[in-house]
Amino acid sequence: MTDQPAGSSAGHDSLSALALVCTLTPSPTPSSTELMARHLLGRFEARGVSTSSVRIVDHDVKRGVQVDMGDGDEWPQIREQVLAADILVLATPIWMGHPASVAQQVLERLNADLSETDDAGRPIMYDKVATVAVVGNEDGAHHTIAQMFQGLNDVGFSIPAQGGTYWVGEAMQTVDYKDLGAIPDPVASTHDGLVRNAVHLARLLRGQAYPAE
Amino acid sequence: MTDQPAGSSAGHDSLSALALVCTLTPSPTPSSTELMARHLLGRFEARGVSTSSVRIVDHDVKRGVQVDMGDGDEWPQIREQVLAADILVLATPIWMGHPASVAQQVLERLNADLSETDDAGRPIMYDKVATVAVVGNEDGAHHTIAQMFQGLNDVGFSIPAQGGTYWVGEAMQTVDYKDLGAIPDPVASTHDGLVRNAVHLARLLRGQAYPAE
Amino acid sequence: MTDQPAGSSAGHDSLSALALVCTLTPSPTPSSTELMARHLLGRFEARGVSTSSVRIVDHDVKRGVQVDMGDGDEWPQIREQVLAADILVLATPIWMGHPASVAQQVLERLNADLSETDDAGRPIMYDKVATVAVVGNEDGAHHTIAQMFQGLNDVGFSIPAQGGTYWVGEAMQTVDYKDLGAIPDPVASTHDGLVRNAVHLARLLRGQAYPAE
Amino acid sequence: MTDQPAGSSAGHDSLSALALVCTLTPSPTPSSTELMARHLLGRFEARGVSTSSVRIVDHDVKRGVQVDMGDGDEWPQIREQVLAADILVLATPIWMGHPASVAQQVLERLNADLSETDDAGRPIMYDKVATVAVVGNEDGAHHTIAQMFQGLNDVGFSIPAQGGTYWVGEAMQTVDYKDLGAIPDPVASTHDGLVRNAVHLARLLRGQAYPAE
C-alpha cells in the first residue's frame, strides 16, 4: 500500500511523515504535485523522519463519508497509514482556483473520523500534525491551503507555524512546477520552514499528547 | 443518459434546464441534494421550461481535465446535455464546509471547455445561465455558492440575480433537508426567485447572444 | 462625489459604469487597483458607456450594515452612484490571499439593500450587472472573485459571462500591476471580454427588467 | 488599551490569552461576537490563563499594511498586546457569508509582521497559538475559520487541534448568539475542547520554541 518506501531506516522511535498526493493523474505520468511532495519528504528524511507517500488516484478510493465504503474500497488501508503517521503532507494541485476533487475526497473520507475516539475518549486523529503543499499553473494556492487547513484541523490535526507551501505561476500562464528546473529561492525557503516546524511540533505532541479533559 | 425524463412536453422553442446532482450517494438512496434539485426543476416546469437531471455518481465520470478521458468515460454524454441546455442547476451537498468532491469534479471536467470555441470564435458555454443549489446539515452554503459561481462563470455561464439557493440547519446539528417536511418559507421564496430570474435571463440570451467582438 | 468625471459625453440613454476602487491607500498615491479599474473604464468608454469611479478610502465610509450609519457617513452618496449605474466594477487588491477589507466593507454596506425593494416589490439592485477586477503581487484572485461574485449576486447583481479579470505575479513575488509596463496579452484579452459581455448583458436588462413575479 | 482587564491574578509565568473582537459595532452595544469571546476567555481563566480583550472598532485602527500607519494609529498598541500574548482568540461575526471587514483588517495589519524577525532570525509571531471564534445569524462559519486560520498561520501562529468554534442559526434565519439563552451543548463542548487544546499547545511552545534552523 505504500507507494514510496520509507526513505530512511529510522528507528521505531523516529517520527514518520505521510504524503497524500492528490493529483488527478495516475502513475506513472509525472506529476508536479508528487514532485513537490517529494521535495518535502526529502527534507523530512534529512531530519531523520521516515517517510512514505500515496498517490490517491492509483487506488480505488470510493465516494462517501464512512470509514469503509465496502466493495473493494481501498481507503481503509490508506487511513491506516494516516493513523500510523505523525505528520501528514496533503499535496494537491489547483483546478479552477480550487483544491482538486481528490483532495476534497480525502477530507470527505476523513470526515468519518470526526466521531471516532481513542481509549481516552479523544478524537482519533489528535496529536498529529498536518501540512499542505499546493501547485498550479496560476493562482489559487492561499484558498486551497485555507480549505485544507480548516478541514484537517476540524478532524483533529494541529497546524505548525507556516505549515503551508506552494508554487503557482503568473496569472493566466501555463508553466508547471515540474518544468521549473530549480525550486525558486523563496519557495525552497518556505519548504524548509514548513518541514522544520512540522518536525518540532510533532516531537512536542509525541512527547505530550493533548489531554482528554 | 437523462436520469429524469423531461417533465413537460414543451415545444422545441422552449427553454431547457438541466440539473447536475452532485450527491456522493448513488441512486436509489434518497438524496437531499436531488430533492432540492427537483424542487427547482418543478418550478422551472411550471414556467414552461423542459427539464432533465443527471445524478453524477450514477455514471462513470473519470478523473481529469480533458473533454473525453476515454476508457468508458461517461462525461462526454453528460457534457452533450450541458451543451443542449439553456439553464444549468448545479446542485451539491456540503462536506467539511466545502462543495462535494463531485461538484469540484464537474468543474474540472468543464475546465476543458475554457478553450473550446464555437463557429463565431466564442467560448462554447456562452449564452447559458448557471444557478447553484446547496444543501447540508449545517454551514457552508455561501462558500459553496461562491466557489461554484466563480468556476461556472469562468467557463462562460452567466449568473442571474440571486442565482443561488440553499438550506442548512443550525450549527453542529444533523437534520437533513429531505426530512424537513416542508420547505421553510424564506427558502421556498428564494427557490422561486432563482427560477424566475434564471428563466428571464435565459430568454434574453436566447434572443440575443453575446457578441463575438 | 464622483472622483473620476465621466469619460464620455454620452446621451442620457447610454449605459453607465461605476468603478468602486477598494485599494487600502488614499489618493494621490498611485494604485494598481485603480489602474486596472481605469483600464476597464477606458474600454467601457470606447463602447459608448459613460463612466465614473470612486476610491473608497478617500471617503469617510462608516462601519456597519445600515444604509446610512449617520455621523458624517459618506456611504449614502456612494450608494446613490451605485443605484444610478447600470454596471458595477468592483476593483480590489488581494491581502493575505483575500479581498481587501475595503471590498468586504462595501459588501457590508450593500447588505442593507438586501431588504430594500422598488415600487414593483423587486430588490432595489436588480437589473444591474456586476464585474470584478483583482490585482495582487501574488495569488488570491480566483478566491477574491468568488467572494465578490457571491456577495454582489446575493444583493441582486447579475454576472455576465467571464465577468472577472485579474493579474497577480508568480508565487511569493513582489511585482505590482502598475509596474508591468504593458498589460500581458491574456489579461488584456480578459479585460476586453469582460467589458464586451457586461455591456451586452446590461443592454439586455435595460431593455427588459427582471419580472416582479 | 486593555478593554477587559485580566480575569485572574495569575503569576507572571502563567499563559496569557488575548481576544481580538472584530464586531462592526462599537461599545457599549451588546455584541454576540464579544459574548462568544467572553465565553472562551472565561474557560481560559478557569485553566489559570490570564486574559484580556480588545474590541477593535473602539480604537482608531488605520487602513494599511505597515506596523504603524502614523497619524494617531492605535494598531501599534494592540500589536504590543498580541506580541505579549501566548494565545490569540480572533473572534469575528459573519457578513455576507464572509469574515467581517474588521477581521480582514486585523490580518492586513498583521501582514507587516511577515517580515519582522526576532533576535534568532525567526518570524516574530512564532510560538504563539491562534484560535478562531465565529458568530452569525446563518451560514459562513467554516469559510470564516478557514480564511482566518490560513492568514494567521501564514504570519506564524500555530493552530491547535480543533482550534475553531462557532455558532450560526438555520439558513436564512435571524436569531443572534446573544439571544440564545444558553450555549447549545455541542457548541459548549467545542468551546471546551478549543480552550483545552490551545492551552496545551501554548504550554508546549512556551517550553520549547520553534528552532531557528
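Every chain is named by a letter (A, B, C and D) in the order it is written, and numbering of its residues begins at 1.
By definition in this document, contacts are C-beta pairs under 8 Å (C-beta built on N, C-alpha and C of every residue); 3 or more make two chains touch, one makes a residue touch a chain.
Just so you know, these numbers come straight off a predicted model, no measurement behind them.
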Suppose you hop from chain A to any chain it touches, then on again the same way; how many hops at least until you reach chain C? 1
Taking each chain's centre as the mean of its CA atoms, the one lying farthest from the centre of chain C is chain A
Suppose each chain is reduced to the average of its Cα coordinates; what separation in Å results between chain A and chain B? 31
For the pair chain A and chain D, the C-alpha centroid-to-centroid distance in angstrom is 27
Express in whole angstrom the distance between the two chain centres, defined as the mean CA positions of chain B and chain D. 38
Which positions in chain B are in touch with at least two other chains? 96-98, 142, 145-147, 150, 154
Linking chains that touch, what shape results: line, ring, star, complete or other? complete
Complex contacts: residues of chain B adjacent to chain D: 96-98, 138-143, 145-146, 166-173, 184, 186-187, 190
Taking the touch rule as given, give the residues of chain B at its contact with chain C in the complex, in rising order. 123, 125-127, 142, 145-147, 149-150, 153-154, 156-164, 196-197, 200-201, 204-205, 207-208, 210-211, 213
Contacting residues of chain A [partner chain B, same complex]: 24-25, 57, 63-65, 95-102, 104-105, 107-108, 111, 147, 150-151, 154
